[in-house]
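Shared between the two complexes below is chain A, which pairs with chain B and chain C, respectively.
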Partner chain A sequence: MPEKPIQGEKRMFVTGNEVVAWAALAAGAEIMYGYPITPQNEIMHYWTRMIPKYGRRFLQTEDELSAGFTTVGGVLAGRRAFTATAGPGNTLMQEPISMAEAMRLPIVVVVQQRGGPSTATVIYSQQEVTLTTLGGNGEGLRVVYSTATHQELFDYTIKSFNTAWKYRFPTFVLGDGYQAKMRESLMFYDPAERGIEMVPTDAYVGRPGMPGVDRAPTHMRNTYNMEEELYDVLQGYLADFAKAAPEIAEHEAFDTEDADLVIISHGVVSRACKMAVRELREQGYKVGYFRPITLRPMPEKAMREMAGKAKQLLVVESAQGQLDRLVKEVIYGSTAEMLSLFKPGVGVTSEEVITRVKEIKG
Partner chain B sequence: MGKPIKIVLAGEGGQGVQSVAEILAEAANEKGREALYIPNFGVEQRGGVSVAYLQIGDEKIGAPKFQTADIVIALSDRAVTRTRKYVGPETVFVYDSGIENIKDELPTNTNKIYAIPAIEVSKKELHPRVFNVIIMGAVLKATGVVAMDDAKKAIEKKLGYKFEKNPELREMNFKAMDRGAELVADLS
Partner chain C sequence: MTVQPAMPKCWRVETKPHKFCPGCGHGLVLKALGQAIDELGIQDKVVFGCDIGCSLLSWDFFNVDTIQTHHGRTNPVVTGIKRANPDVICVAYMGDGGGYAIGSQHLVSSATRNERITAILVNNTQYGMTGGQMAPTTMPGQKTETSPYGRDADTTGSPTQGPEMVAAIAPEGAYVARGSVANMKQLKNYIKKALENQMAGNGFSFVEALSLCPTNWRTNAKDTWKFLEEDMYKYFKVGELKVPGPREKEGQ
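Right, the complex of A and B next:
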């Protein structure tokens, strides 16, 4: 039995891609399937460098379609499997992810968003929100965690395997090029030492015994002859998702109780918004901070409560309203004025957020 | 709440600005401080202006990039042009005095502008390879973000295996750092 990758708590200072590779190791991921694309390449670089010592595996495929389908295959065989991608790779991967939704397969996908549309930039964006939450030809039966710090990249990469295997929905860690490439401090830990139990995996296919004699045959479907058949299956899935949603949904908020204006953001942009809210509060502005950590499912109850009190909501994101659309769907009926700071494909600084709030407040 | 010190380092690919930022960030982290370092990166592997964004403070750092730096170090003509936008009234702007034809490009709204002969010193007194270490010494002197000894420890950690084989390298690196600090001390 190879030793545990992480023993005790360890303060680290590394890039986000390295964090993801370590977290997957710590979570007991058995195999990564991948195809290179910037800015997530180093996840597989670190993974392949580290795994020989721990008996884990890696398969480089010919493209992201294949990386997604082989991850599906790994999960069918009962392996804690994951892949990572970005940008156009995320686009291609929606096809296998759709299949995973159809078969309720707990694949884990790490996305480090880059600029779009198309090849665009290899640097950064928050433009893969719509694609990651609602991509594929289906109903978005998936879980998406949007991380903001290296600590969260570590925590939520571990958590994503448990969410996936517990609820059996494809689960995403949605990072970005900044998080992928920057270095900052965080604590590495072994999940077991923190009392985090990894949800056991089991095989969908190739189980022991004679099908139909010793056990029920496995019947995996992503195709149906009759529309009613599909409808019935989907009703079950949708009911499961609706039931799981409040258990899965997470958010972070402060200073919203007495705020006239609440700034809503997610991911790395929320770091700028957090600083901006603190500084604006010091200057006497009644502003609050709200950040959905899960973009799918959204933290509906908390968000609706918050939107019921605030007079103005300022949505800040490195995209042209992809988060904004998700927010509006959740808070439908709220009378709060909707305001925005959209910077598609580029970073947002706290200075810009402060300037925007002051412009609004006059 | 103490704000972090914000540093922008920019130069030509190969001048080693990313290494400087990384070593400074690691030195600060080793001392238990909070640091965030992010390189700019594009599809080009070389030939572009390389910019490093570094923040060092005592609390968790906010956004990885920022609008106005406390100190900007520009090591080529294109780097001067590229980094002007990070300059505000409080910013200390440092550039290499060997850069030609940039008088009109230099920012005018700064706190201080220092021209230091780092390229010249590296060529004449030390070795072009330690040019970036001279810059590191200059940054340390100008900001005080990390103690000189801690930065030396960070270099030792990073390059110790090379120093083992060739102890002269260690001496040259440490000398370069001290020389960089002197260049700034001479000006202030």
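Right, the complex of A and C next:
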């Protein structure tokens, strides 16, 4: 029996990609399938270096279609399986993810967003929000955690396996190139020692017994003959998703109670917004901070309550309104004025947020 | 008294008669596969993955664990299963469009990595499920919905030589053959050897099965067999192309 990858708690100063590899190890992920794309490569690099010691596996595939579909296969075999991708790779990955949605397969996908459209930059963006939350030819039956710090990358990579296997929806950790490449201090831990129980996995295929004699054979399909057949299946899925949504949804907020203007952001941009809100408060501005941690499902109740009180909402993101659209859908009917600071494919600093707020407030 | 020919034991009786068109070759290929599974006694070990296209209709065909995948993606799905659980015996079942067009990169890579899976590809020279379009395997001059005046090799290429390609790129240990539904005993033996090759852990195994599509060929019974045994045999040579074992040195 190989020893546990992490014993006790360990203070680390590492890159985000390294964090993801360690977190997947700590979560008991058994196999990774992957295809090189910047900025997620080092997840594979660290994973392949560490796995011999811990008896885990890796397969480098021919493209992201294959990386996604082999991950689907790994889950079908009953393993905690994951892959990681970015940008154009995320585009290709949507096909296997739609199969995972159709069959309720608990695959875990780590996305380190890069610039788009097309090959664009290998650096950073928040432009894969629409694709990651609502990609594929379906209804977006997936869970997306948008992380902001290395500690969250660690926490939510572990959590994503449990969410996936508990609810059986494909689950994403949505990071970005900044988080992937920068070094930051965080605490590594063994989930069991923190009282985090890993949700057990089970195999869809290759279970013991003679199919058709000792047990029913597994027959899984994604094709339906009749409209009504598909409709009935989807009604079940949608009801499950709606039921799970309040249990899954997470957010972070402060100073929203008395705020005239609430800044909404997600992921690494929320760090700049957090700092901006604190500075603006010190200067006497009545501003608040709201950050959805899950972009799918959205923290609807909390966001609607917040939007019901605020006069103005400022959405800040490194994309041209991808978060903004998700927010507007949730708060439909709110009379708050919608304002924006969009910097597609470019990072946002706290100074820029402060300047924008002062511009709004005159 | 007439005696009904026995169905393979691993066929699922509840889903018979099957859903393929009258005269389709899929039932025959799946019969050969069923017989091979029975003879090897591996019904409880097989995981069957079927592609999209006419092959999708086999999703509940056997009493074996079965996953219907996407068009062209059966090789990676069963590769993922096999890599995660090497104790199962994985079969990827697809048509010529799935294997040689949209999924060709997966076929090439499964072969070059010598994945311990068995791919069975049914070649009926066109896309059946979508209504008879030109496929990579369509023969020069053959009329299809997207080559209504006959396939022009100059502008659209020549029929893919799948097993020849796989045999050329797969490492030692791979098994590659082309069978035909016109010779069921031989086809069953090829499929059986392909499964045995996976069970021995030798490498990738690949069988192309030449098949029938009277619906889209618009042929009667007699012309259907003629199409296979006269026209298709001219372009697609039946036989084993790669068998594991020490290779004899050339020129000796």
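The criterion applied here is as follows: the second predicted complex is superposed on the first by the 362 of 362 C-alpha atoms of A that agree within 3 Å, B and C clash if a C-alpha of one lies under 4 Å from a C-alpha of the other, contacts with A are read in each partner's own complex, and residues count from 1 in each chain.
Following the convention adopted for this analysis, a residue touches a chain if its C-beta (ideal position, glycine included) is under 8 Å from a C-beta of that chain, and two chains touch if they have at least 3 such contacts.
Here the structure is a predicted model, which is why all the values come from computation and not from measurement.
Bringing the complexes onto one copy of chain A puts chain B beside chain C with no clash.
Applying the stated contact rule after C-alpha superposition, one finds that A:Gln283 touches neither chain B nor chain C. By the touch criterion stated above, A:Ile123 is placed in contact with chain B alone, chain C being left untouched.
Touch criterion met: A:Arg57 reaches chain C, while chain B stays clear of it. Of the two partner chains placed around the shared chain by superposition, neither chain B nor chain C is touched by A:Gln7.
More residues of chain A are touched by C (comparison of chain B with chain C).
Once the two complexes are overlaid on the shared chain, A:Gln235 sits clear of chain B and of chain C alike. Applying the stated contact rule after C-alpha superposition, one finds that A:Glu351 touches chain B and leaves chain C untouched. Shortest separation of chain B and chain C in the overlay equals 26 Å (C-alpha atoms, whole Å).
Shared contact residues on chain A (touching chain B in one structure, chain C in the other): none found.
On the chain A side of its complex with chain C, the touching residues are 30-31, 33, 57, 59, 61-63, 65-66, 69-74, 76-79, 81, 95-96, 99, 203-213, 217-223. Those residues of chain C whose C-beta lies close enough to touch chain A in the complex are 10, 12, 43-45, 47, 52, 56, 59-60, 62-70, 73, 76-85, 87-88, 105-106, 108-109. Listing the residues of chain A that touch chain B in their complex gives 11, 13, 38-39, 121-123, 149, 178, 181-185, 268-269, 271-272, 274-275, 278, 347-352.
Here chain B touches chain A in the complex through residues 1, 22, 25-26, 29, 34-43, 60-68, going by the rule given at the top.
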